[in-house]
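Got a structure for you, questions after.
Chain lettering (A, B and C) follows the sequence in which the chains are written, and residue indices restart at 1 in each chain.
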Amino acid sequence: MIRLTRTQVKIAERILATIPLALGVAIVAFVFMRAMPGDPVDIMMGEGAWTSEEEMAALRDEMGLDEPIHAQLWAYLKRVLAGDLGYSMIRSRPVAEIIREALPATIELAVFSLLFALAVGIPVGVASALKPNSFVDRAGASLSLLGVSLPAFWLGIVGVLIFSMTLGWLPTSGRIAYDAQPAHITGMVILDAIITGNLPALGNALKHICLPAVTLGLGVAAVVARVTRSSMLDVISADYIQFARAKGVPEGEVTRRHALRNAMIPTVTLVGLQFGSLLGGNMIVETIFGWPGLGRVVVDSIFARDYPVVQASVMVYALTFVLINLATDIIYTVLDPKISL
Amino acid sequence: MGHVSVPSDELYKGAMATARPAESARALHRRGTMRRLMAHGGGRTGLIIVIAFATVAILAPLITPYAPDAVDLESWLTPPGLESNHLLGTDQLGRDILSRVIYGSRVSILVGLATICISSVVGVGLGMLAGYYGGVLDRLLARFTELLLAFPYLIFVIGIMAIMGPGFCNLVWALSFKGWVEFYRLARALTMAEKNREYVDAARALGRSNGAILLREILPNMANSILVLGTLRMGNMIVMESSLSFLGLGIPPRIPAWGSMIADGRRYMLGAWWVATLPGIALALLVLGMNLLGEGLRDVLDPKMMEG
Amino acid sequence: MKIRTTLIIIVIAILAVPGFVPAALGTSKGQLSVIIDTESIRADEAQAIAHNLRAIGVSADVRIWEWSALKERIQAGERQIYLTDWGSAYFDPFDIVVPKFLTGDRGNYTGYSNSRFDAALNQALLAVDADVRKDAYFDAQQILFDDAPAIFGYSLTEVEAARSDVLNWQPSMDSRVNLHDVGLARGDTIVVGLYADKVVTLDPAAYRDRPTETVIRNMFDALVTRTWDGRVVPEIAEGWRAVSDTEYLFKIRKGIKFHNGDSLDVDDVVYTFDRVLREAGMGGRTSPRQGLLGPVEKVEKVDAYTVRFVLSAPFPVLPQALVHFQIVPRKHLERVGDEAFAREPVGCGPFRYVEGRLDDRIVMERFDGYYGGSPMLPPVATAQVKRAIFRMMPDPTVRVAALKTGEVHVIQSVPAHLVSALRRDRNIQVKSVEGTRVYFAEMNCTRPPFDDPKVRRAMNYAVDWDTILRTIYAGNATRLSTAFLPSGFGFNPDLAPYKYDPARARALLTEAGYLTR
């Protein structure tokens, strides 16, 4: 028999605990969608003339919408547990297929926003911590607060007007040009381009992701900068850093080797938390940039009352959120063995 | 959604420390917070910005050149400038943007205040109960909040707005619906830390009821932390309102609110940039002020920083 | 001063200011008070209307809703005035005035009911003789105008724009983007920015929305099609003939090939309609397009190139309706199944499907075996461009930006305030066609105050549409007297719209017993 360590048991427990949570989320989403006024069949039929009540009733019957709510819920849960997410009411395709198609785009965007946030946030945070109350610090703080307080849709459109229309550097929207597509492997075009060594595709995809990623990542960059700054400040005043300084270790090395490494621990935790919110918070950015991701699917489906799609997407979001939190907790214990799960 | 809030962990770090000085230190560090805040660069700037906005909001009828809802289609989308009668230009209905931005400060501040008040009252109330009594209630609330956090916020708010219909109050409720979770978590953590302290034991020994202990002993001890969290969150709520307007679910349009002004003006960005940008700047400034004030308060009320 | 006290004082000061908290509107007794409901897209217009109503002493405010949520409350009769719109695809009041204002019909949100009006409409619907139909529609129009169940509005001109190197491009009234006839001065791939978040499917039997139809109709052809200005002309059919009120014969063109090489014959036509008409005919699901065929009972083969439509009642708009039913290949579809067909559609249109994602873009290539399309729509040949891409671009600003940078060649729905700027751009051509969608503000006729026609007429006199259309819609709109469209059958051009006349509106309101300040 395999003996598991205490940590492994804890991790297994946490993973198992996501199942009831996912079911809970599914139930809430189910009830929530039914509580919303509006009827998917009615919305799908639009304005067509000569649409009889019988015809609509027949469609409702086909979709199982005329059953009592609890029976629908029960049937839904049974299907979900069997791994069947159902069939979209509007898009006439299996929900699993819709999600499989849209999720990679959303993950790709979230990852790049995060990379951008780290690339900007950490240097700004470190610089402000090294010279607190200096000009760099003040400017960094102000800029990062602006980053948090400007609505993404405003930033996005300003970006398009400046970088696409005026300067002509970046495309306005979309994910990759048709004639530059790499072979389909993972569905994440940038990753696919790297795997296949397709440099033109990579360049094209990177150009496309720039604006949406920056728009989405700016707020996170601000938070990263603030957290890095405050944890840097804590670490710098710590005894072992003072000790290293006293020993005559050059200042640059102190910063790099000792301070930064330790200051990164809270930033890593933060990254995990923010990744979840990036995944779930990209609906508006996706709409502006015509980015074919899950966020747009969800918003569109909620307005179309496409129940199965919304329910399944909400579950995917919730599971991702929980699993990423778990992953950061694990990384945290690796970085700092004093902490247990 | 696209805007991100400071993770609660970072707040707790400061907030937990704030609540610690329970007895004598409390009196000491409260005295002169104002003076110390004024000495704190960011805090002072923040306070000045917030007071300036509050003053403008209060004086709105006296300082606006036009009524905020005075439609004048003939002069729609007038660019800002001195030659027309509209210093900051007009919007797509010919309404004076300066007047709308000034009146908008009232609504935006109110949205922020109201959502934070509701969120904090609900969150702190439940958090204190959960933290103090623990048990089934605590576990139930833990599951419930976990569920709420895992549920994508925007979907949640769209749904709530569709169920309740549009309107100022409904919007505030929709925004508060999830906002309370953070206050709940903070209050619960603080209550759990406070409930075993000597002064609570003493009060218990004197025969005070649980209710009295919660309200008279524990609550005053965590007021500062809640205040800090509230200040920091208010900006988020104002920005959130704009996202809802973007999706077409905002405040009734006659009431000028920055969020919906930005969302409406976004359609005119090409050709009439000022419609969305000017309220955007106002919003950014106020959020900046609120955040600076919040961070200043956290630094000032945090004894660790005070000693250092 | 303590900091906490300072903050609390600020909060109290703010809340104590009178009028700070947005309260309900004050209404004096006897004054008419209304709330105008709208979706966010027409919020500006709604506020302008409210402004007009306030000018005649009505206390008016606006609420912005999500459409499905609003619709449910409208249908429950809970609302007062609501901005709505309704599109027509058949160029006949059949699919616009009938559903909107016939007693109890599906789109009748006003609760309007007038037996004289209903009788006139029914007469127009069932008669086959064009003159009888026209007279009946004229009567109906006058009754509707007098009863004024809505504040009658306008139809928007469809403004589309293209790069100037796009040749022979013409937007069409049914908002179809027809890429068959279009050429490019440079390059061989044309990119279209669609005003859509997604297309629903690529199966011609499984959708009900316009963007999907726009994409599908470049890959599939129908028995008949329309010229850009709305005339029905033969496409796959060579011609047709009404044998009686309830029986039509269509002759099929010879030598048409599907993209997979199969020849198109009568069996494909019969199968296409059977798939729509039959319960669960679409691989176990029923086609949502069933109702669009009206009283069509069955479609049957007469001989190898003739097909018969049998109707249970007269249906004069049948040819208009058939424009919207694209022919699918029977053998192929039966072999691969409905789901696979929707994923990799095979039609007989000018372009064949290459690849795509429904919420991203659809890529298609010229079909070299194309029969040339309708002989009435030159050039009768294969498509001019080698490749066509439809991109979903829901944001209007981004759509215009993409056109200006040359990322896309053609865009739909140019925002009104940008039309004149685009017209000045030498790299861009802007064209517009009359719209087929009616916009109005409906009133709840079942409850006071709008159960009184006087009040409803007052509302019609109170709104200054000319100014609204000139500014908010930059003049790209046509004022309408009722819900009848100029492009539709039976439109009475002599019936003038309500004039802007606030004095008359006040008088009517006073007559109805309301104070006008």
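Here, contacts are C-beta pairs under 8 Å (C-beta built on N, C-alpha and C of every residue); 3 or more make two chains touch, one makes a residue touch a chain.
Note that the structure is a prediction, hence the values are computed from the model and not measured.
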- request: Could you tell me which chain lies farthest from chain C when each chain's centre is the average position of its Cα atoms?
  value: B
- request: Find me the chain with the mean Cα position closest to the mean of all the protein Cα atoms on display.
  value: A
Query: So how far apart, in whole Å, are chain A and chain C when each is placed at the average of its C-alpha atoms?
result: 36
Message: Averaging over Cα atoms per chain, report the distance between chain A and chain B in Å.
response: 24
- request: Please compute the C-alpha centroid of chain B, do the same for chain C, then give the distance between them in whole Å.
  value: 42
- line: Touching two or more other chains in chain C are residues 66, 68-69, 73, 397, 401
Message: Where in chain B do residues touch at least two different other chains?
response: 158, 162-163, 247, 266, 269-270
- prompt: Of all residues in chain A, which are in touch with two or more distinct other chains?
  reply: 36-38, 157, 161, 165, 303
- line: Listed in rising order, chain A residues that touch chain B in their complex are 21, 24-25, 28-29, 32-33, 35-38, 133, 138, 141-142, 145-146, 148-155, 157-158, 161, 165, 215-216, 219-220, 222-223, 226-227, 230, 237, 266, 269-270, 273-274, 277-278, 280-285, 298-299, 302-303, 310, 314, 317-318, 321-322
Message: Can you tell me which positions in chain C touch chain B when the two form their complex?
response: 1-4, 6-7, 10-11, 13-15, 17, 19-22, 39-41, 43-44, 46-48, 50-51, 61-66, 68-69, 73, 396-397, 400-401, 415, 417-418, 421, 467-468, 470-472
Of chain C, residues touching chain A in the complex: 66-69, 71-73, 86-87, 90, 94-96, 98-99, 106-107, 189, 197-198, 200-201, 203, 206, 208-209, 279-280, 285-286, 288-292, 294, 339, 342, 357-361, 363, 389, 391-395, 397-398, 401-402, 404-405, 407
Query: Quick one: in the complex, what on chain B touches chain A?
result: 1-7, 9-10, 41-42, 143, 146-147, 149-156, 158-159, 162-163, 235-236, 239, 242-243, 246-247, 259, 262-263, 266, 269-270, 273, 276-277, 280, 283-284, 286-288, 291-292, 308
Message: Show me the residue ranges of chain B that touch chain C in the complex, using the header's touch definition.
response: 30, 33-34, 37, 47, 50-51, 54, 57-58, 61, 69, 71, 73-74, 76-77, 92-94, 106-107, 109-110, 113, 158, 161-163, 165-168, 223-224, 227, 231, 245, 247-250, 252-255, 264, 266-272, 297, 300
